[in-house]
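Chain naming follows the written order as A, B, C and D, and within any one chain the residues start at number 1.
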Amino acid sequence: MAESIKNKVAIVGMGCTKFGELWDKSASDLIVEAAYEAYEDAGIEPKDVQAAWFGTLYEFSGMAGLGLTVPLRLQYKPVTRVENMCATGSDALRNACYAVAAGVYDIVLALGVEKLKDQGISGLGMGAFASTGVSPTITAPGMFAMMATKYFARYGLSPDEGKRMLALIPVRSHHNGALNPKAHYQREITIEQVLAAPIVAWPLGIFDCCGMSDGSAAAIVVRAEDAKKFRPDPVYVKALQMCVGPGEGQISTDYDYTHVEETYRAGLAAYAEAGITDPRKEVSMAEVHDCFSITEATIMEDLQFSPRGRVKEDLEAGTFTLEGDLPVQPDGGLKCFGHPIGASGLRMMYEMYLQLQGKAGPRQIKNPQLGLTHNMGGQPSSCTVSCLIVGL
Amino acid sequence: MESIRDKVAIIGMGCTRFGELWEKGTDDLIVEAAYEAYEDAGIDPNDIQAAWVGTVASGMMGECLSTPLKLRNIPVTHVENACATGHEALRNACFAVASGMYDIVLALGFEKLKDTGLGGLGVGRGLHPTLEMRRTAPGTFAFIATRYFHTYGLTPEQGKQTIAKIAVKNHHNGSLHPKAHFRREVTLEQVINAPIIAWPLGLFDCCPTTDGAAAAIVVPAAMAKRFRQDPIYIKGIGLSSAQLLPHFRPNFGWTSFTVNKEASRQAYEQAGIKDPRKEISVACVHDCFTITELVIYEDLGFSPVGRAKEDVDAGTFTLEGELPIQSDGGLKSFGHPIGASGLRMTYETYKQLQGKCDVRQIKNARLGLSHTLGGPPQVSCVTIVGNSLG
Amino acid sequence: MVGITSYGAYIPLHRLSREEFFRAWGGLALPGERAVANFDEDSVTMATEAAIDCMKGIDPKTVDGLFFATTTSPYREKQCSTIISVALDLGREIRTADFTGSLRAGTIAIASAMDAINAGAAKSIMITAADLRLGAPAGDFEQALGDGGAALLLGEKGVIATIEGSYSISDDFSGVWRSDADTFVRTWEDRMVLDEGYSAVLPEAISGLMKKYNLAPGDFAKVVYDAPTDIRRHPRVAGGLKFDAAQLQDSLFMTVGNTGAALAMMMLVAALEEAKPGDRILFASYGNGADAFVLQVTPEIEKVRDRRGIKNHLASKRVLANYETYVRWRGLITLEAARRPDRSPTSIAGLWRDRRIILGLWGVKCKVCGTPQYAQGAGLGGSTPLRVCVNCQAKDQFEDYRFTDKKAEIFTFTQDNLADTVDPPATITVVDFEGGGRAVFDMTDRDPAEVKVGMPVEMTFRKLYFDRGVHNYFWKTRPLRC
Amino acid sequence: MIGIKSYGAYIPYYRLSRSEIAKTWGGPALPGEKAVANQDEDSITMAVEAAFDCTRGIDGANIDGLFFASTTSPYKEKQCSTIIATVLDMGKEIRTADFADCLRAGTTALRAALDAVKAGSAKNILVTAADCRLAYPYSMLEQSLGDAAACFLIGDSDVAVEIEDCLSISYEITDVWRTDEDDFVREWEERWVITHGYSQNVEEAASAIMKRNGLSAKDFAKAVIYGPDPRSHAALVRRLGFEENQVQDTLFATIGNTGTPSAPLMLVAALEEAKAGDNILFASYGDGADAFILKVTEQIERIRERRGVKIHLASKALLPSYGKYLSFRKLVQLPPQALRGTGSATIMWRTKNWVLGCHASKCRKCGLITYPIQRVCYGCQAKDDYDEISLSREKGTLFTFSLDNIASGGINPPIIQSVVRFQGGTQFYCMMTDCDPKEVRVDMPVEMTLRRLHEEANFHNYFWKCRPPREGG
């Protein structure tokens, strides 16, 4: 019987760059900044790192382990490049944790980075993969917009009602982001602004979409029993789960486009691993994959924070605000940080780490015990979802 | 059929300097040639009762002449007949005067070729596009050279040597003429070694592209002496047009042109000439290419058929020879501003007959012949003038 | 006797009023409107549509040849008839040929198909013609030309109109032409073009035909021949040949425009829609010579009345808002490049591997659980055929299942303003097919404001885009037509 | 029995050694040479040549159809078969068709002609195929592709080759292709192209037709099978069970892959050597495959005097440089020429009989022959009293010439201006082509050839030139 990762490893140091359109910084700059903040936070020397996991999606951000060892000048250490779509950062951390838990290494580095703003375009391409060229003429917002269309239709929301519900999400995230010096966007917005924004892919407007940013984040992972040697307040890993779907959304009529089964299943597994029975009560806070407002809305239901079809009530009640029952995106989320793909999962973890250590400044949530991060790679009908839980 | 002989006279002529006259427009050329002719004839522009203007590609209608000369409300006719155009202007002016219709008329030919940006002559028009495609004047006349050499047993080297002598002669004469385009002697070696334009013709076998104009004042013969003591009388004008381009004429031999023979026959008959080689004092012929001049010797009866080479070798047609040809340097030195050429040649025969040619002067010149050949050889005009009646 | 066994036609949904050309350019506005192919249509897609219309209720296995006629083939070296035959799911041991070069290519192909059937080399051959010719902006052709296609199935059984005789003449005159390097139609002086070309050669062929078969103008119920861009010449030829105005088939000029190599066949389809058993029809077409045929309609004609043909396609239309849209669709102006990532390079090996899936829209049906499924993949690495059932995980337990002729319903959709498309927004639909099966397609010929969840749609064969030397054809959804 | 009544071929005079290409670009050279169309040749002019070769001794007026197959037609909208038929002096009441878009178009047209004759809608149909495809400079394909044409006369009497069976398969694959806007041939990965395109399809079609007729490889005297390159070809014929001596050479080493006419050209070469009674397996490829079973009859001896492949192959000149090839194919930008030709649809149409048909007028009164046609006789002034005769197949002599250095505008000088003399004194003024200027002599024998003269008013203007006679015929 498979064991659980719960309480076997701990994070003793983290680093995160400022996210944004960092025109003057290269991927190497970002890697160095994130890694050295983490080294310093953990109180270790670079030579103490015994192995590393490097998460990045695009070749222009770095390929193979070399993408990490070269800027950090890691001396002949084992470095693994991990790529798992938008869950890349979380998966780098996940693999680093397993290696430590296995007893192979004592101190390892997990680092994610993405340098998107050197392309001169908006949007993420599929790179140089050959294709038959007959996929639909669709963009990421278009793919997720189809969830909104269907969600509204299924739950009887008029487009206006639906959009108004979704608008609550970016308004909340922007509020949080405005409190975070590392966020890309640090500006509050109003519901009216969100509703009046130009449509990107109907029914989603500009403020329903996350930004395009550069950034990097890193974590130092050690065995749980060694953690206190490094610091008095290490953060322990409680669950590392990942669910990859069979891609039936484009094929099977069973797929309903109002929820993402992969998220639901990853959540179930993570709760089981962490021993959580009532997620809404037990999880103190969460950073989820809010690439679009509709994504966050459905994630709330898939992670069982809200009942099916009733996220609207929680959104309207302010459940997921900093002051609510279950604060979500306390750092501003993808909405304010953008989504430098390889970095996002670790950036989310960085916020959970700070919150658990009580170092989140004006965003600080009272007395958090367990934090959840959620990454989703791909499109609604075909995706990879990670769900990680950490705690004190 | 009557003859034009002694019915009309030329009492004044003018000719511009020929050359690449970049700074001069058609109006300049016309005005210069006409006013020299007015002055030579001692007339006022308002004395002109009618005019004929010859140009192929530089103007249209009579207006192209009347506008620069400000000829007031008199009839002006534009004539065009390929390279014989200048001659045609003179010819029609002569006929009108001879008819008794007018007393004082102007015949003027001009061409401004150097505004086209092209090295060669402009476009021949009216031919089928596929046939016209790559046709060039040197290419067409080179056909004659190839065939002439072949027919009369000349090797290409012998043939080229023969026609080169014509170029040398014409350049020599042109060097003596202040109005010529080229005024430079050339050597036989230079001609033979020049770049090939259309084999076997080289650069010096071809006449240049030139701007120029020439004019004549024509009056009835009976009135001529009122204007000057030494008028020049028209003795004969022959004109012949072919019925098919030589390119397509069955059995055409490419060693001579029937139109030349026919035009000269007409002119000799009118002028009462039996032995042109003996009777003609000076001739200006259409040496667009050296080979053309060679066959013209034979076509016009100056040399026996197939034996022009002997005359060339003997210097028969030099200034000092038996029958000086191209005493002004010919098309070879003057170039060929098409509408002007026939009148430019007549200008030379006129001046020679008046004894006004200075170092080029031919002794005792009495009858002068000018000849133009329009092509792709299909029209020929021969004009004979004399300095006395009878 | 060999004859026509079925007919079909295609007219694009969009029309542009000729007044719009006048608004753009001034000058002369011809009356009426012209059909304008959508940005994703070309002669291959229109010929496919017409052929699909023609194939209604006919088993593809019974068709053993496909001839394509056009002067606007998207390829110089790659057979388009093969592409169309795969879209129609014709078999492999078939005769295919592309006839080009002449506006008479359609009737030339018909003559060739007749030969093949008469010679016993084929039983049933589809002839499909389409053209999408361009007139240079601000010229008469821009207004006069139209886009469209027509298809005729020839065979010996179930003949709806027998082809009783034919007569051809060939004439080397090119009053209207395009060289290999030309984009736009060129013309010589119109009077000469018409006097010595159309108005001389076409009547010569028609009289020659009537003389050969000893027929008089009064023997025909309808006379069908194509019209030149100067429409006045169309009735004048009829008058010269002593046909009544009532006998003359309308040239479609007011409604569609001159559709080049497809025009005569489109007019014939229109005539057949109205024809009664026993009618004799004179059918002719002009282009570097002329072909003329005598047709006789049989009682079988009643069996093919359910085609969309000309009448239904004509009625189903949307008028384009403006000339600028036309210019954009035809790629006549250079637009700012979308600031979007490059498309993945097209893998020709992938297209070839999946040719039936892509061109024929073949999916599978699980033999274990009965679930129909269509897999076009997520884009990465090309689509792959389904090997494992999405529903019951049975491996390789499939039978082929074709989706082209299935109606579907929109499950969800988006209007994507960010996507790189000639006609924004990109309308993307997730559709569920009747009888099962789910897939995601671009939607075309739609009014974005009218797209709804639950809306019924049908499949249409279109060109997705052009990439690195390949025209990528695929299927899209569209609101039900006709 | 329906079959091939006559055959003809055309290979341009010029060849380019593949080592010359390799020398220019570096990299390996394929063995042999490729045939290169002169700068005044295209797929129409080459098809005309092949058609003339095929119809030697046959009156064009007796042929009632002409099919033209090419992927390099000079027009998108204007029938090329009509132009060729006009050149051949075929009548007006004929069948014409252009088959395009596919390298198999030649055999597709052949099948269409068989159908037409069998169906009784025509008695004799000429099928011509020609291609002049361009490969990207610097590509390996550039060494492979060659230019040529082939022609067959299809009929049902006196056939030299009976066509006993044919079979077609159609296959959707983008292996070697060009879009409507491409100048150069595109090709996907070579191994895939060969394995899944060429080899698979041709093998399938050839095996199927043999099986259907109960025949095996040993039953054939020759296997004439298209081959894009010698290696793939050799592998395929081996798999089909043919011995080396049964296999018709692909002509790759001497001409190159010529596209649409490739397989037909191989068949011509095979027929040149064939004996009565020989069975031939014939197959071509392109978006599918066509396969034929042929049987040679005694009539083959009747048509031996064709120039065909063998004689055309022997008559050649090597291009001196790769640069010359570039200029022939207009792959380098050449100085603009001040051309005098002004194309006119009206004039070309009005004069098509003498421009394309090479017709002269022969006076009914005095018998004088004049080119071009003259309404009033040059000899006796008789008006409109003449017969049109074609000079296209006449042999003449060069009466006079010039080597014109300025006519070409500096490109490929000199132009050989020529006056050709035919029997009876008829003069024909034209240019000479396919000839070394150094070898031009007065009185040398010449023959006429239709060439692409110029492109004016957006027409391709075709006209006749003279050339030293190619061998044979």
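In this section, a residue touches a chain if its C-beta (ideal position, glycine included) is under 8 Å from a C-beta of that chain, and two chains touch if they have at least 3 such contacts.
Since this is a predicted model, take the numbers as computed values, not measurements.
Subunit A and subunit C have Cα centroids separated by 50 Å. Taking each chain's centre as the mean of its C-alpha atoms, subunit A lies 97 Å from subunit B. We define each chain's centre as the mean of its Cα atoms; on that basis subunit C and subunit D are separated by 33 Å. The geometric centre of subunit B is 51 Å away from that of subunit D, both derived from CA atoms. Across the assembly, subunit C contributes residues 351, 470 that each touch 2 or more other chains. With touch defined as above, subunit A holds no residue shared between interfaces to two or more other chains.
The touch graph of these protein chains is an open line. Of all possible chain pairings, those that touch are A-C, B-D, C-D. The residues of subunit B lying in touch with subunit D in their complex are 118-120, 123-124, 128-136, 138-147, 150, 195-201, 243-252, 254. Looking at the complex, you find that subunit D touches subunit C at residues 66, 68, 71-83, 85-86, 90, 92-105, 108-109, 111-112, 114-121, 133, 166-180, 182, 185-186, 188-189, 192, 196, 208, 259, 286-288, 345-346, 349, 352, 356, 455, 458-460.
Across the interface of their complex, subunit C is touched by residues 119-139, 141-143, 145-150, 153, 198-204, 246-255, 257, 378-379, 381-382 of subunit A. Interface residues of subunit C, counted against subunit D in their complex, comprise 66, 71-83, 85-86, 90, 92-105, 108-109, 111-112, 114-121, 133, 166-180, 182, 185-186, 188-189, 192-193, 196, 208, 260, 287-289, 348-349, 351-352, 355, 359, 466, 469-471. Contact residues on subunit D toward subunit B in their complex (touch as defined above): 338-344, 347-348, 351, 355, 368-372, 374, 376, 378-379, 399-408, 414-415, 417, 419, 424-429, 431, 437, 442-443, 453-454, 456, 461-463.
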